[in-house]
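You will see chain A twice below: alongside chain B first, and alongside chain C after that.
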Partner chain A sequence: MIYDAAVIGAGTAGLAAALRMAEGGLKVIVYAKGVGSTHLTGGTIDVLGYTPHLVEHPETELPSFVDAHPDHPYARLSVATINDALGWFRGRMTTYDYTGNLAANLMLPTAAGAPKPSALVPETMAAGDLRGGGRFVIVGFTQLKDFYPAYLADNLSRFEAAPGLPVNARSVTQRAPIAQADVTPLSFARHFEDAEFRKAVIAGLEREVGGSDAVGFPAVLGLGEARTVCQELQDGLGLPVFEVPTLPPSVPGMRMFNALKRALSKAGGTVVMGGPALGADATGERVEALVTAAAARTRSYRARHFVLATGGFASGGIVMDSTGAVKESVLGLPVAGVPPTGEERFSPGYWASHPMARAGVAVDDALRPVDADGDVLYANVRIAGAAIAGAEPWREKSGEGITLATGYAAASSILESDA
Partner chain B sequence: MNRLEADVLVIGGGATGAGVARDAAMRGFSTILAERGDLAMGTTGRFHGLLHSGGRYVVRDPPSATECMQENLILRRIAADAIEDTGGMFVTTPWDDPAYAAKFHDGCKGAGVPVEELSAAEVLRREPRLNPRISGGFAVPDAAVDAWKTVWACARSAQEHGARILNYHRAVSLHVSDGAVTLAAVMDEATGETTEIEAGFVINATGVWAGRIAAMAGCGGVTVVPGNGIMIAMNHRLVDTVINRCKEPADGDILVPIRTVSVIGTTDSLVDDPDENAIGRDDVELMLAEGERLVPGFRSVRALRVWAGARPLFKDDKAGEADTRAMSRSFALIDHRERDGVERFLTITGGKFTTFRKMAEATLDKMCEQLATERPCRTADETLPGSESGHHYWIGARLAAREGDLTGDQLICECELITRHRLEDAMQRRATTNLDDIRRTLRLAMGPCQGGFCIYRATGILHDLARLDGPAANNSLRRFLEERWKGVQPILYGDQLRQARLDDWIFQGLLDVEHLPESAPA
Partner chain C sequence: MDLIDRLADEGAHESVRASLDHCVKCTICESFCPFSAATPLFPGPKFVGPQAERFRDPTGSSPDISLDYCSGCGICTQVCPQGVKIAEINARARGRLWAERGVPLRNKLIARPSLSGRLATPFAGPVNWALGNPYVRNLVERIGGVHRHAPLPRFAGRTFRAWARKHRSPVAPKTIVYFHGCSTNYFEPSLGAMAVAVLEHNGYRVIIPRQDCCGLPLQSNGSFDAARTYVRRLAASLAPYARRGHDIVATSTSCSLMLKREALEILDVDDPDLAIVSARTYDICEYLVLLHERGELATDLEPLEATVPYHAPCQQRGHGIGKPAMELFALIPGLNAVDLDIDCCGIAGTYGLKKEKYDISMAVGDRLFKEVRTAGSEVAACDSETCRWQITHGSGVPAVHPIELLYRSYNLSG
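== the complex of A and B ==
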């Protein structure tokens, strides 16, 4: 069979592109080696946080940011598109809501206690917004090694939202009613979906949280039932409750993955996971089929359109070998932004800017891959997510914004070209 | 100003200094050891971890080979827990002169290094990943040794015999009066406080830095040339036996399996400053090319970390040319009474890790001779703390310990199987806020993820345990990330580049460590 569109990669970009196309009536397949970026993010959608100065209002700052960074993925999109992508995404998160918008960043504590700017966040995190200052209690569990409430609270207390709006935070560490000493975030999330467990946690905290405005927990408050879990903790403690993302694999990221994948299945899309994409059959300016590794043989998926959403260096979408040769790993596309031989690719100082961090596939405004002259390489291929050149997503706090907005825009571009 | 007194002050906390301090303390001298950094942080902690059989010296320098083999046997006995009995092989690849094999075999026989000739088939049976074009080889009793463990065991032994260990104390001056060294000033690197140490005898065991310390006592011309060598730790044990090329020692000709990794080494370039352990791109490329000759596919294996260490190559400006050549291979014990007319001062430098105990013995013998006292050396007879059982370390040791208690403790560093109790114990014992100290003590963050997961955890634990405030804990975290970067930046390619970017995702994208509060400037 010939699919309307084949998406390579099941991170935020790939799933968003696939879902939007499936909703638009296309027959879509997602092919992926495994789960992707969702499980690594904290579940927040960070659009633009530092330029390197703090961005309070992404919507108003994006145009000047794009002017200063003409090779940035956001330069291929309009602010309206990014806004549409956020709105579309909110509508797809069915088990709980997302709050926030492009107008103003929330400032949410990280697990280390830094205030991090995010545009769109799960409703279970919103009460951790530090912009108004306040008194917080951070709760940890002795059995959870990925969350250190005292360290977090110590750093948080040094943050001043604005003159006269201090943040005060203290911590409580509780032994959860679980026998083992080493419990993963996902396992904790499952325990929280048990009412008896929640009751025990609430009982242990009732006397500890007085005098505060909100209570922070590691982001393990349920997987599919996060809304119920949070509501019950709020009712039980009589205070707003919020989650703070922990180390990967991230529970809020899994919620996002599950919601997108479920919606995709419902819309008629197919997800195939487990083997690497090996390459493509291409003729001239078009890719005809994706070639993948199946058991002891290869298997091809033919499609009219392709979305490459395989990520950057961190995901294996862009690779560099020991001789320094850099390539895009599935289609062998040229990689832009690689410093010439002999020049420093990574700076000697860790905190410095690293030229290679921005390397990726250059794209046109329709997110099609282009060569050094700007000529389109494959007319029926779109690139989405961290494989696109030009960003330093973790420094900018723009990773999820780029993946979501380019995934959404890649799908729009294909739907428009079919119309 | 603080003031301390001791019979012997040892300057330098590498293997030599720790060995000297232990020997001195065991002979009943009250002893202080001062080290400017952490113990085994210089050359000692920056080699490949080879416990020599002597095989590498049998052709060029037979006396060194004999000395290595003798010390090899002693260390296996007294430092069993720090040694993994991997055995070693010398193999002839298509790039090595086949005629060297006969010279090597005769050399081993002559120097007393046990040797067994192996067919090519037997070499490959023992190490299947080696190049199938290898034409033959020899088995020798090489082994892998954990330098940090050995040095700390020596320090603990010295402490048990009454010695005092002052790490992070830099020697700033030596005072000479009436032609003898009588006093040393050391500065606490953390507080800047100076301590005066009145010493009956001062032993300069600062290896590649020995010229600087000797000059403080007015003894000029002690030139120790730093020979810089790089080493790369590769993910996994590519081999389980130490593999040497059967040829004249050269660059990139040895692969040492140690703990969970294998280390390829090394280069030899003369540098001006031993503190500048530069890592050239060409050196990295040379290691990969030579590694590929030993183990096909070497280039596609993850390189975890690269470092460089400076070997001390002693050259006495006061000696003739012939002496220099003779001394540079083995160790050099400089008698400053005879050489410079300065009493109560010895310098011990050169040599190699395998012979550190012998170097200490020779030094203390000389000191006793000068003090006209007879106190025999006992360091070869008494087992080091931790090695009492006499069992060698083995690769499954940590897993076996962990399997005994799978649910009772948390695994903080999954790569190196370090539990929370073990980490907290080390933090308390070491009383340090430097996560790199903990890294060297426990191998924390030395595995494939290079701290991507465990260092946030270790920072949180350190914050609570050491009662650090947030900014101080943040500084520990930042310093760790900066140090780590130095060791990975030159080898970012392949899967380790992917790992490094994932780690950035965690530290910058998720934790936003760039915007954590910093300490107010003092």
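== the complex of A and C ==
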């Protein structure tokens, strides 16, 4: 079979690109070494949070940000495309609603109690918006490791939304009615889908949350039934309830993965996972087939278009060997933004801007890979997500925005080229 | 060269064990494990795998019995974004666990389908009656540890080999070898006949060499030495054909995975017979799709007006070949095949037969059973025999091998 499009990578960028193409009537296959970034992210779509000053209105600030960073992935997209990508994504999250837009960032607490700017957020998190200040109770469970409500609340209380708009937070730790001593976030989420369990949690908290404006929980409030679980807690406690993302595995990330994958399957797309993509068969400017590692032999998938959504260094999409040579790992594409030999790759300060941080594949406005002269290397390949050069997502708080918008735009570009 | 590649050159064992150093503790495997989701008795693939492996002294004992609640479905390895061979690490550790403690008699018995097949076939009538009788099953559960409701297959009473001995495959331009496995021989001989007919229809003379069990059930029940003996013997009987350049196709997807990968990666069987057999062995749907890609598959397929829910079994996904059955179904006019896209049916070979694991197995399969029932079809399709029996048991809908649908669409019943 010749697929219309083969996508490499099953993170947010890969799944979004695949789903959009499948919806557009293309026969799509997603090939991935394993599950991607979704399970590690908090579930919010952060488009632009710092430039380095705090961004309150991404839509207004994106044009000047792009002017200042002409090699940034956002410089390859229009603000309208980023907006469309967010709108499209919201429309796909049918059982797990999202709220927000490019006009203004919400400020949501992280598990460390730091306010983080996000453009599009799960509705289950929205009541944690700190922009208006307020009084919050943060709930933790003794059996849930890695979520410290007192630490979160203390840090949160140091934040002042604006002069005269303080944040006051306190914590409550509850023993959940689970026999085990150490329970994962996912297991908690499954317990929350049991009505009896919810009742017990509500009963234990009723007298603890008085005098507050909203109650924060670790983001374990159900997997497929998050909407119902949150509503019931809200009704039971008589207060708005919000989730705070936990350390991985991230339940909100799983909800996103499940929704995207289910929609893709419904739209006729195929997902194959398990072995690495080894390379590609290419003739001149075109990739003909993706070569993958199957049991006992390789397996090739022929396609007319390819989307490379393999991520950056963290997920092996970009690799550096012991000699310092850097390349893209599937097609061997050149990597832009690598400091020349002899120059420093990293700064001494952990939080500082690192010369190496923006390394990735350079792309044109159709997200096709280009060489140092700007010439297109493969006309039927698009790059999406963290493999693209030019961003420092952890400093900009732009990671999900880039992956989602470039995944969406890569698909659009392919659909347009076919039209 | 990557450390993992280097170690791969030094033997499968080292590469499997060394892969644990790629574990970044993201717990994605934990989130996908269908068995830890169904029982607190299994803490999950990361905990008993990359985590516990660091504490397993090659010379010391392996204390953790919770490992036995891993079904070996292999989903953890498939979803791991770092390439850690979690299921393989766990299978090896389970082998050691049972080597130390002694494999229970029950595990030894249910892991030898060819032995039970040989013994029971002449008495299929009474044996099937007995295994369908609640009193007998109650007794079998108490004495033998096989759950009274577990989906045991019915003996066909006639073997596929008996059919094959009488069958003359017509002279054809191409030759292929059929590895039928135990279940086709003793439980589903008609599947073997259908596979042969489909291959012959595609211009192959089909050779059916003498063959015995691949050893997979023994491996998953912890009898590694016995499993090695079986898989070596099977490889030796298939190797002469592979050396002559013949490809080998199999309808039993877990058994072909044993030949392709597991015997090397889990059992450390590193011999030349296995290597050549491994390189020549294909899942039958995989093979037919490759034929189709070369434009060599017969496409005189007649319409089958039906909706068929399809379940790709865990072991099938372990081949890393996508879902070739779905690609074949797409060629059949009128057939609406629905990929259920559910991780596991719960049976995992012999796991769900065991009295202490039956309920876990049924809980794992619950969503699949519901979806199969909801589809409202006359049949479901699935590549693996034990999964088919489990689906039929859990949903009440008979499950067939994808080849059966192709056979019907080719209209080969004569």
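The rule is simple: the second predicted complex is superposed on the first by the 419 of 419 C-alpha atoms of A that agree within 3 Å, B and C clash if a C-alpha of one lies under 4 Å from a C-alpha of the other, contacts with A are read in each partner's own complex, and residues count from 1 in each chain.
In the analysis below, contacts are C-beta pairs under 8 Å (C-beta built on N, C-alpha and C of every residue); 3 or more make two chains touch, one makes a residue touch a chain.
Only a predicted model underlies this, so the values are computations on that prediction, with no experimental measurement involved.
Colleague: Quick one: classify A:Leu40 as touching chain B (first), chain C (second), both or neither.
Modeller: both
Colleague: Answer with first, second, both or neither: which of chain B and chain C does A:Gln180 touch in the superposed model?
Modeller: Both partners, chain B and chain C.
Colleague: If you stack the two complexes on chain A, which partner ends up touching A:His69: first (chain B), second (chain C), both, or neither?
Modeller: neither
Colleague: Report for A:Pro248: first if it touches chain B alone, second if chain C alone, otherwise both or neither.
Modeller: both
Colleague: Touch check for A:Arg227: first (chain B), second (chain C), both, or neither?
Modeller: The answer is neither, since A:Arg227 touches no partner chain.
Colleague: Look at A:Arg135 in the shared chain and tell me whether it touches chain B only, chain C only, both, or neither; answer first, second, both or neither.
Modeller: A:Arg135: touches no partner chain.
Colleague: Which partner chains sit in contact with A:Lys116 here, chain B, chain C, both or neither? Use first/second/both/neither.
Modeller: The first partner, chain B, only.
Colleague: For A:Ala294, select first, second, both or neither according to whether it touches chain B, chain C, the two together, or no partner.
Modeller: Once the two structures are laid over each other on A, A:Ala294 reaches chain C alone.
Colleague: Can A:Trp351 be said to touch chain B (first), chain C (second), both, or neither?
Modeller: Once the two structures are laid over each other on A, A:Trp351 reaches chain B alone.
Colleague: Return the chain, chain B or chain C, that is in touch with more residues of chain A.
Modeller: When the residues of chain A touched by each partner are counted, B comes out ahead.
Colleague: Which parts of chain A are touched by chain B and by chain C alike?
Modeller: Of chain A, residues 40, 179-180, 248, 315-316 contact chain B in one complex and chain C in the other.
Colleague: Using the touch definition from the top, list the residues of chain A that touch chain C in their complex.
Modeller: Within the complex, chain A contacts chain C at residues 1, 29, 32-36, 39-40, 179-180, 184, 186-187, 190, 248-249, 254, 261-262, 265, 270, 272-276, 292-297, 299, 301-302, 315-316.
Colleague: Touching chain B in the complex: which residues of chain A?
Modeller: 40-42, 46, 50, 110-116, 143, 145-148, 150-151, 154-155, 157-159, 179-182, 245, 247-248, 312-316, 319-324, 345-351, 356-357, 393-395, 397, 399
Colleague: Would you tell me which residues of chain C are touching chain A in their complex?
Modeller: 26-28, 30-32, 37, 40, 44, 77-83, 257, 259-261, 278-279, 281, 289, 292-293, 317-323, 326-327, 339, 341
Colleague: Under the stated contact criterion, what part of chain B meets chain A in this complex?
Modeller: Answer in residue numbers: 288, 299-300, 303, 407-412, 420, 453, 456-457, 459-461, 463-464, 469-471, 473-474, 477, 481-482, 484-486, 489, 492-494, 497-498, 501-502, 504-506, 508-517.
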